[in-house]
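Consider the two complexes below, in which chain A is the common component and chain B and chain C are the respective partners.
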Partner chain A sequence: MVITSPTLFARARGGDRFWKRRRILSLSAHYFGRKKNCYSIAIKYVNRALRYSTIARRQKKLDLRALWKARITGGSEELGTSYNSMKYTLNDIGIGLDHKILQNMAIWEPRTFRGLALLTKAKETEKGLNSLDGPSVSGVVTRGML
Partner chain B sequence: MTSHTWNLFWGSSFVRTPLRNGVGRYVQQLQRVTFKFCKTHGGSQGMREFIEKDLVDFAKVNPGVVVYLKPRRHRSPCLKAEYLNGEEEYISAHNLSSSDIKKWVEYLRMRSGNPVERLRKYQHTDHPSIQGPWTPWTHRDPEINVTEFPSEKLSAAHVTEKTATEQVIELFEKQKIASGSNTS
Partner chain C sequence: MSAAVFLRALRPTQIASSGLLGNRKIIGHAVGRAPLLSAVSGLRTPSFTPPVVQQSVKQELVKDCKQEQDLFTDNVISKVNNQIVKGSHGRLFAVVYIHGHQHLVTQEDLLIVQGVFPPSIGDVIRLEKVLCVGGQDFTLFGRPLLRKDLVNVEATVVEKTLSHCRIYFYNRRRKNSRKTKFNRETHTLLRINRVEIMQKIDEVPEVEGVDGRIF
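Now for the complex of A and B:
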């Protein structure tokens, strides 16, 4: 048996100039003007675009995270609690909802979100955080109160 | 290639199905399939074999699909499928074996006819909310419906910080609680 792959791979390395250029020009196909057709101009813009897209892969996650945080903050502050209390309290209780789901609930299932916010407030009063032995939140009964 | 570039040329879509096909009942989306082939050339060998062996079975099992045979001299074979939504799809069957053609026919039979595009999401719903989406009035007290405007209470300035007096009172209360717990 003759194994030809390494030889062929070595022979094909570097690639044909035409195909190498096609690869770049296919990425610049939607540009306007000479940066669409002319390789030496296109490569500059393609490199820049790829640099941006590398940064954007991380940036997208950061942006989404900030957006979700803003939404949860808005939703929770309307109900008299805060982003941090909800995050830590729900984590303590063992409700495994992440940012994405929580912000989705705040928008699309607002009653569920209100339930979670009330639960957070009840748990906080039960722990005695940020309160001077205030009244329990009406409508929520937890094990500690009984 | 970024998704933006991809969308410019090839488009993108969401998961969809024609008229909730498959929920409760299934409507065959493939309406017509045409087998084009040559009677003499070797490129149509697999196609001719498929027609001899499997085509009658296929037509029996799928009475909703009209099957056409179109022999044409010295042209390479292909499959043409027409769907309920008016879309057409061609598949070149040149030099394919009969088992390959069987698989391609199966592929055409099971397709919805919607264009094959990049899916932006792998799930889709027409009803994103069960409870109704949030509105500015969702969490408000319904008392506001019967309030007379202008209202003194609602027009008052929002208190954002505690006043010095309130802070002192709070400190006093805390001290009282602390001293009470010490003495008892």
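Now for the complex of A and C:
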């Protein structure tokens, strides 16, 4: 016999429990103890981990930027300038290198970074700063073009 | 601003202690206020006057360094040009601006461009926004970009994939509030084929600023 009308008030329920738990337990597979195998315990820790990773995605950018700033400060202080001087001066001159590149150069392209530091000092001397340190930076010729 | 207006702007104790009134007495403080010690201290004049020292004018001899500097400049430029012409600078790096981000690249580097990037696999692209080029002995900085004729950075599109799955999970515990989103960005991988300097650095074109570029 062919049933042409649907059954009244019937709901399609359940059958999802196994796959719902598998989704969570696959994420907790590398945890220690009952946290990795027991669903009601694992769900708490997996939720926490996912929440943390969501927040950290935004925080990572801020943390890396702070790290880059510290590296640029370290490199510039070694060479006799400061982070602020370099940032202001490079902006003034029109060199548009960002934090990521500058910290990269401070570590991996030391000669280039040294050139930028000398440039900063020369430009500041032209502006009238650094006058207490003595005569202008040797080996830097600006020809008034900065 | 006149002196009277300036004095009016200060409080009575300030006026007294600042010594602006000189030898005049303070009359007319606010009623009910006892005069402070500081109110009378400004009325005293110093018992000595500092001696007027005649300062000798020191004249510095300022050297005219223009010739020296020009020689130095020409020397440096010619050294750089020699390296460019002979190709003896070795491996060059370039700072390239692509899709909103700056990358420090050399030959054989892999670059990821995230988001919508039209070129398809196998296309050879010329990266034109170069902020900086350098080698072992010299670096050239653009203000902010170098001329297109000066530097040539070529890249090939190697792969077009999706990133790893980023799970955005928001949970308010014990409040029955939970939201899960998934996202995968398109990634285009570029292999840098070459970074070259095409011209001598003091070769200036006849008409400047009209490279047809859009900043």
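Operating definition for what follows: the second predicted complex is superposed on the first by the 122 of 146 C-alpha atoms of A that agree within 3 Å, B and C clash if a C-alpha of one lies under 4 Å from a C-alpha of the other, contacts with A are read in each partner's own complex, and residues count from 1 in each chain.
Here, contacts are C-beta pairs under 8 Å (C-beta built on N, C-alpha and C of every residue); 3 or more make two chains touch, one makes a residue touch a chain.
None of the values given here were measured: they were computed from a predicted structure.
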| item | value |
| --- | --- |
| Touched partner set for A:101, first chain B, second chain C, both or neither | second |
| Touching partner for A:93 - first (chain B), second (chain C), both, neither | second |
| Partner chain in contact with A:53 - chain B first, chain C second, else both or neither | both |
| Touched partner set for A:118, first chain B, second chain C, both or neither | neither |
| First, second, both or neither for A:79, with chain B first and chain C second | first |
| Partner chain in contact with A:43 - chain B first, chain C second, else both or neither | neither |
| First, second, both or neither for A:30, with chain B first and chain C second | first |
| Partner touching more residues of chain A, whether chain B or chain C | C |
| Which superposed partner A:109 touches (first chain B, second chain C, both, neither) | both |
| Chain A positions touched by chain B in one structure and by chain C in the second | 53, 108-109, 111-112 |
| Contact footprint of chain A on chain C as seen in their complex | 69, 72-73, 93, 95, 102, 104, 131-132, 134, 136-137, 139, 141-145, 166-171, 173, 178, 180 |
| Contact set on chain B toward chain A in their complex | 1-2, 5, 8-9, 128-134, 138-139, 170, 173-174, 177 |
| Residues of chain A that touch chain C when the two form their complex | 47, 50-51, 53-54, 57, 93-98, 100-101, 104-105, 108-109, 111-112, 115-116, 141, 143 |
| Chain A residues touching chain B - in the complex, by the definition given at the top | 26-27, 29-30, 49, 53, 75, 78-79, 106-112, 114, 132-133 |
